[in-house]
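Can you keep this structure in mind? I'll have questions shortly.
The letters A, B, C and D name the chains in turn, as written, and every chain counts its residues from 1.
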């Protein structure tokens, strides 16, 4: 019997459709960001402020309350990286800064972009504020903030800031 | 063998679709309830193990987010199987046997509503010859039913009786999704769905989670009036292709039963994880169960089926029978893979 | 913020076109499909597996003895799909069937196109409908049909 | 009550590569057969099978153990599949060891694998869901800020990462299985390689690999079948913590620290740097060597980089060689990477590590981590039976 030359590989398209529904907290957050407001939540387990508001505080394993807190669109860089690779489906051209940004009044940072011509100016502790897209373009997403920009404020000592925040959390816990 | 017992169990109400509620939001109240029933706190748990599947809701690392429900700070001893949580329970049971832990919390969770479950489960099949055709899980079960019916293992009426009994039993189970008085003759009048299966022969699709707590001997006696002691646990795998195994019987179940020296005549209760009515009959026959055994007093998977937790639910339901004194000796069964490819058995006793 | 805010929903697709390496056994079987041939694999007990597997499913022994199989077979088990799912790629009701090819000892799963449920039965002789240009994949077989029918694609 | 456990068989893919032209079954078989041969056992001798791998989306097969078990002699046997993200290779080895330690089984085969070439890892790790911004471009985008924070806290010189990258690739040249064989690797070459996620350069990041790793573990009473010496398991430990919570220490994660503390306590070790002969530690980005040196107690806080700088972790002349195999930086079949660390530690104490053998290694550590620096699995193996 003559055997054919084995085929080496085949393509296997595997595509599945899913329906995503926003959780209650995500829904509140997304509706607010559509109007240009950033919401967070104070954990009943720890007294710390989480943003975007999760349904559960991971530190204590407790459900978060329904009352959300509005937060300012200013904050501090907790850490960052300068990305030299493109983000798939993004109009951002590398290099750009992806930073963990801690909003004033919050205890948990989230990841966002910093646009700055001189990337070397971005440091841990650097102060930033949101640069929003034009209001007409606002949608249900954190991308309504197009990027963060540096402010003229002096850099923050992270350790000091952390100690102050933990004191405040203790008062609320 | 070290004595280990089921001391607490809680499950979310079975729902077709929990909407936007996340896995972790679903888990927190159920964990709280399981802990409260055993008068335990999160910090008193030595080991946590879970079962879940990324593809159900379509995101990688579903179990990573679920850790948020545990309050695992600064850290916890924790593990995960990408299998039904019954196998998470097995991993924990081994850890007890190693003498490393005294209290373990096991959980399983799944939200099947966001996806199309029968198609998702198609991805379990061999990815070369079978999966590319996208045979769905219901169709595979239907072939199994046809072959068993053709062989005379049971009748369509027997299958309808399984469904009627499941829904009748489920009347007393607050977490059941499908329940009520149904007559087998009426069920048989319904048209077929994927023939020979009718819709009622198939488990519902359910979003939910379950949490179960195991404890070692001394702890168990302190935490629970009448602990459900795990007297033996064994699981076995079969070959994968539908053509390389006998679909009309469950050889892996028989092998596990043999290892456990299980006497099918001496069980008060059997909680069998059968997602399809005919699979319950195949299991009953493989286990040689008699009329002495009440099968699926909870209603079983036909009354509510949280994929990835449904096997763990059989342990919980069997334990409830022991705790209440309704049973002295119960069997818990779990399955995984298409057409009962892999099966687990455990014996639970009240004394 | 009001309680009546509509719940945000969106569909999304999770998917990727995987590139699956086949190895020598599956690769040979697929290559044979491109020639509209069925090759089985003999086990040490003499029985023949189709589809051909690299390793014996019971003993894990490596397998390498190829067997040329017939081009039709019989139905050993089946179910009837009244309403095909989108993923099935079938426009009309059809059967999933376990089909044992002539010369093989194990049946394998494929689609069976027959007009109506009553026409399917165990022992029904069936033959493959090959796609116009087989590339060497399981999907080269569009489906099986009763052997009595004319071959049409 | 509990039993002693020994590793008597180790098997790996002959050479890890970015693409291997085999089926999934063929991939795991190669490692499993080598482990069985090393153990002097056949499929029929194995009592249970423990399989591990990272997310199912890499290969697009849901619970692949369902279809792979039979190729690994799993028919009729207990089979379990572990998944704890990047630490899975370590966790799987620990679960396998517990099968024996519990007294329930005598001989267990454990196998971990990943076939990254079947898909795009970047996609499989973070499929996009609606309403969620996607600012990260790959795993490095997530870990680079942690590295930046480490540099701030430790005041480490900028070139430490590059030095780790050079060292691990020099080690890889002694391991014929390692994917990257960069014979002329130099500090300048690493420094000149393209910046990806600052401060992580191309040559400071792990490759994408196909590969599998397997081990045969037995009850200490049954080590005789192997022609080679056993590696005795002295201690194992596993720890987890949540991905994100306020002020979580991502640079020195509590779960890693707690896991190591428990491990050393079980193994009776007070000073890991002194008492261990070598270690295989999960370092997918170069800077994680100094980060883990501190987290695992090989160095004081803020001092880890000094060990790297002094060459303490180099196989030539170092007092505590790390990743003599070339490590994750030289081969990274994700689901198997943790098990490779555990298996390489076992090979060292068995004296079977070939060109990358540390002379007279008697005690070695294997380490794996995953998620967002949050899942940890570790073990210590020794040439001597634990007392």
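We take it that a contact is a pair of C-beta atoms (placed from the backbone, for glycine too) under 8 Å apart; a residue touches a chain by one contact, two chains touch by 3 or more.
Quick caveat, the model's predicted, so the values are computed rather than measured.
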Target chain C, source chain A, minimum contact steps: 1
Interface ranked first by C-beta contact pairs: B-D
Maximum centroid distance from chain A, chain identifier (CA atoms): C
Distance between the centres, which are taken as Cα means, of chain B and chain A, whole angstrom: 38
CA centroid of chain B to CA centroid of chain C, Å: 30
In chain C, residues with contacts to at least two other chains: 7-8, 10-12, 14, 16, 18-23, 25-26, 57-58, 137
Shared-contact residues (touching 2 or more other chains) in chain B: 19-20, 55, 58, 67-68, 70, 72-73, 116, 119-120, 123, 127-128, 131-132, 239-240
Residue numbers of chain A (touch at least two other chains): 8-9, 12, 14, 16-22, 26-27, 30, 57-59, 140
Graph class of chain-chain contacts, one of line, ring, star, complete, other: complete
Complex contacts: residues of chain A adjacent to chain B: 12, 14, 16-24, 26-27, 45, 54-63
Chain D contact footprint on chain B (complex, rising order): 1-2, 53-55, 58-61, 63-65, 67-68, 70, 72-83, 87, 90-91, 94-95, 97-99, 120-121, 123-128, 131, 234-240, 251-252, 255, 336-338, 341-342
Touching residues on chain C, where the partner in the complex is chain A: 1, 5, 7-25, 27-28, 30-32, 34-35, 37, 39, 66, 68, 136-137
Residues of chain C defined as touching chain D within the complex: 8, 10-12, 14, 16, 18-23, 25-26, 54-55, 57-60, 62
Touching residues on chain D, where the partner in the complex is chain A: 21, 60, 122, 129-138, 140-141, 144-149, 152, 194-200, 242-248
